[in-house]
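Note that the chains take the letters A, B, C and D in the order they are written out, and that residue 1 is the start of every chain.
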Amino acid sequence: MSEILVVENIDSGYKDVQILWDVSLKAEEGKVTVIVGSNGSGKTTLLRTIMGSVRAKSGRIMFDGNDITKWPTYKRAEAGLIYIPEGRQLFPDMTVLENLEMGAYTKRARVKMKENLEYVFTLFPRLKERINQKAGTLSGGEQQMLAVGRGIMGCPRLMLFDEPTLGLSPKLSIEIFGIIDKLKKEKISMILVEQNVYFSLQIADYGYVLSEGRIVKEGKGEELLASEDVKKAYLGV
Amino acid sequence: MEALLAAIITGLLLGMVYGLAAVGLNLIFGVLKIINLSHGAFIALGMFGAYYLFQYFGLIPFVSVIPVFVVILIIGILLYFIAIRRVMGRQELSTLLITYSISLIIVGLGTFFFTTNPRSIDIPWESIRIFSVYIPATRIVALFLAIICTFLLYLFLYKTWIGKAVRAVSMNRVAAEYMGVNSHVILATSFGIGIGIAAIAGVVIASIFPFTILSGGVYELKSFVICVLGGLGNPFGAIAGGLILGLVESVLSLKIPVGIVPFIEFILLVLMLLVKPEGIFGRR
Amino acid sequence: MRRILTLFLVLFLAFAIGVSYAKDSIIVGFTMSKTGKLNAESDEQFKGLKIWEKYVNTQGGIYVKSLGKKLPVKFVYYDDESSKERVQQLYARLILNDKADFLISPYSSELTATAAIVAEQHKKIMLAIGSASDSIFNKGYRHIFQLYTPASRYLTGAIDMLKALNPRASKVAIVYEQTNFATDVCKAARDYALSKGLKVVLFEGYAPGTTDFTSFINKIKSLQPDAVIGGGHFADGQTLAKQLYEQRVKVDVVSLLVAPSVPEFAQIGKAALYVTAPSQWENGVKYNEKAAKKLNIPWYGPSVAWFVKEYKAIDRSGKEPGYHAAAGLAAGLVLQRAIETAGTLDANAVKAALEKMDVMTFYGRVKFDTGRFYGRQIGHEMVYLQWQLKGGKLEKLLVWPPEAKEANLISYKKNF
Amino acid sequence: MTKKYVLFWLLPIVLLIALYPIVTDNFLVRENIFLMLSYIVFASSMNIIMGYTGYVSFGHIVFYGIGSYVGILLINNLHVHFVIAVLCAALVAGVIALLIGEAVLRLRGAIFAIATIGINEAVKSLVANVDSLGGAVGIFMDFSVYDSYGGPDKALWIAYYAMVILTVLTILVSYFVRNSKLGLGLLAIREDEDTALVVGINTKRFKSIAYFLSAIFPAMAGTIFAFKSGNIVPDDAFHIVKSVEMIFINVFGGLGTVSGPVLGAIIYEKLKDYLLTNPTLKDLHLAVSGVTLLLIVIFAPSGIVGWFRERFKVVRGVLE
């Protein structure tokens, strides 16, 4: 078992407000790691800290054997850390194709652009139909598909999903989970942040529970799903 | 009728040049989200670049666009990393003042080295007759140059990786970073290209009108009007805005005193900002 | 706090020392446009002043009776950058800091008008050269004396020329720079055209610094006048002439202020051909002792030939001097004569001498209005020149008035 | 909040400077100090809209221009007394500011700045094309006007005294605005306009008042200038560079403080005078000011006063 990402004792936040306190976690190669937590527990901040768009105040982030704590965001993306942000964050005035091309911006991904594009279109045939449509004019579900597709275009070594089903209908959410499951079978390493605790922990190989900026519990996916605390707090059982 | 035709032709010719002069301002506003008050100074630098390349190397302005563009592009990239980068993300006042101070430095040094005496580049080309209107050949070449530059900019922005990254950064800088785009490099490049195009416009203008180091200011103010007409932040909107402004200036002044035209232009500017800030063609 | 006190002390000392120097020269202060749009004309004017400085100082200076000795002339001058803003500041400085005894105006009516206020506020005599505007002289000033033929008699000859070339001419277009000078000149020309039964189809100003006249030319072409007159100063006039030619404006007379009379006008090549201009003075005028005697006024100073020789020694480009340089020397001569007549440097006495002056120099007759337009020039007359080809070379020749002409007037249309 | 002592040292300094030319009867110094005082007026009034409220009025000089024109028309053409003309100029500029403000104060940030530039340019070209306002040539005062003030030299002194009074007035208003409920509201708008609105501040009225106050003082200074220099030309009256000077002085001295613009103006005048008269730097004065501005914006964005305040916490109350 090799660890692709190791986060050690991270403190992080915005300006004067600290949000994450001494957070440590690991993601293993080819596995799905899930972080669950309620609204405002710091999940998005954690992913942004991993991506470097929020700077860690202290602690260390190791990716693929490199200390990336001080790296700028784009360099982390070049190294294969691919983030599929909350709220999609597409390029609205670009076409679907251009958005996908932007996903393959790094040198590593450019060489594989053609085959990745075909792969994305087999995953999301609907995107192919809308290839020349402006991203801003797509429906919410299509936009989420495009965001995932764009991530796949980047030849990810580790994919970070930030609430991919947020705001989607249950039907679409299931579709998205299906895709994530497919990616899992392709042995793509993933960190998944979700509010939908039940679904996500089912997919998860390993999971963490984040509460008020601290990791309060961790364990294998099914263990967490079975744990009484989690059940009480997140599944309303 | 003939006068109207002449007004339309000259208006479009000039409008294209105005548009080119404004493209850079809009590109920079779109990508960096700052209003570049040194825009006029770089137009003036382009004028002097053309002048000295003509004086000492005999390069006609239509050739000197290339060296002028390259030099200004490099200056722009350096300026970004030296000065502008430090105030990105601070409030508007800082970016306005930083670019204004760059303008002061350029105009100040320009006044010192070039003085404010008027210069002109005299290319002894004859006029060309279009229908019944005589147009100086230099203006027609200027038009083609403006069209070519615009087309090249289009190719750059839509067909190259860096160009697409520029557009991506202008739409969502953080997301572009997530794609592996080094946004500071892109911002620097955009600034360089923005003022580089301004300098090209300066070269073109210098080939048809006399100028001083202070002449850029006039075109900077016109560029504001043009950008607001065409939609702030959209480089190709600037071309449309320029054509509109050229036509309006030219046709209106057939009927009303020429001196009052700037008044109408600036009132238009303020009204557009208040009523339709996204530009004539823009969507909300 | 201590800084400020020290500063005050220094300033006080500077002031105290300032008053107690002995008078060993006559300080003449002025600004010139070393830079900016008026540079071409101002440079010429400055050459004229330099010629006067040489003329007077090789004689040992100006004899001042009250001091019983000759005092050399010392120039103090600054660059006004062709900007009104700088002028007031600099003239205050010339008066207060440099203790100028007499002032010479900057070039152009606009700059003179602003400088005049400062001169007047401090009651310093200022000889106004390079400024023809009448409107400076109805403001109640009592210390400003004009060397140029004023605007009201400046461009009227252009109308006469048009009538002479084409008796059936009926329409005139006037396009002028929005400055005191050009506005005054063109208003007077408009009134004169109307009085001669012509229609003024266009009368419009353009902002100083204008480089694009396309809109005006479109308008002119649609109105089809017989003459285009106007302009302002060198830079704009040259551009206007160039664009009139490029866009083939077919009229009989193109008469522009200032620009065509500056030798550099030839830079625009063919576009200069057949353009006419009023001029205060041209090499070829016949002002001499004989002419003075005819009018029964005294003759003063060097001859036309001497001035031309000195000019060519300074300029070295071989070109003929224009009226800007001539007026520079003339201003100096007028001041010199007034001081000699007054016998003192006292402003009131010199003022009185200027009021009474009626004299002829190489520049022509000089006499000042002492009525409502106090200080305005009433002695001097205009001539008109035209750029023509002479032996394949562009040259400016005197063409008007008929009694003074060197060559025949040619229609501007001959260009096309 | 700490007790504010700023007026106790600021006003005496300004008055001492203002008295110097009167005591020594020195014209040249008077000219310089006249300029210095006018900078204080410009900068302090700009500070109200820009420093306290956070709206960068790049075309603020328009009010100076309007004031100059109103003033000279009244004094020269209608023979209204100078003092009354000054007050009328303030009134006209104030009303115009309220009207313009009604429209443009809805805009924010850089767009507001551009709009104010547009307004200034529009007014300039309008004035330059109205013949009864002198057109592009401007208005030159008839010299006989000065006779009713005891001749030109007396008139120059009158203009000077007027400028001294105006300066003191501006500083007082700047101080009282800063230390009032109005000032608190304006600061809230500067920090976050939406939040200010939410907590119940009538942002629209507050901004209008700030714009009004910042407009009337330059207008009065305009009349005084026009009276003193005896002429007025659109290009000078609406010169955008003068707006930038006002902004520059504020940033230099310390934005949003009472003493900042005053100290900034005093130093700026000295600096400018030095640059303009120093033979080697004279031709480079624009470039030198550019470099200075660049360095200040990058390294000392809170200006002189801010710099001191950050280093010496004790003087906070004294400086603000």
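Odds and ends about this structure:
We adopt the following convention: contacts are C-beta pairs under 8 Å (C-beta built on N, C-alpha and C of every residue); 3 or more make two chains touch, one makes a residue touch a chain.
Computed from a predicted structure; not experimentally measured.
Geometrically, the chain at the heart of the complex, using CA-atom means, is B.
Look at where the CA atoms of subunit A average out and do the same for subunit C: the two points lie 79 Å apart.
Our note on geometry: subunit C versus subunit D, Cα centroid distance of 38 Å, whole angstroms.
If you average the CA atoms of subunit A and of subunit B, the two centres end up 42 Å from each other.
Note: centroid distance subunit B to subunit C, computed from Cα atoms, is 38 Å. The residues of subunit B that reach two or more other chains are 111, 257, 259, listed in rising order.
Along subunit A, no residue makes contact with two or more other chains. Residue numbers of subunit D whose C-beta contacts span two or more other chains: 128, 136. Applying the touch criterion to all chain pairs gives A-B, B-C, B-D, C-D. Remark: subunit A residues 51, 53, 72-75, 77-78, 82-83, 85, 89-94, 98, 101-103, 105-106, 109-110, 150, 154 touch subunit B in the complex.
Within the complex, the subunit D residues that touch subunit B are 50, 54, 56, 58, 103-104, 106-107, 109-111, 113-115, 117-119, 121-122, 125-126, 128-129, 136, 244, 247-248, 251, 255, 283-291, 293-294, 297-298, 301. Every residue of subunit B that touches subunit A in the complex is listed here, in rising order: 161, 164-165, 167-168, 171-172, 174-183. By the touch criterion given at the top, residues 34-35, 83, 86-87, 90-98, 100-109, 111-112, 221, 224-225, 228, 232, 257, 259-260, 262-263, 266-267, 269-270, 273-274, 277 of subunit B touch subunit D in their complex.
Within the complex formed with subunit C, the subunit D residues making contact are 13, 16-17, 20, 24, 26-29, 31, 128, 135-137, 140-144, 152-153, 156, 229-231, 233, 235-236, 239.
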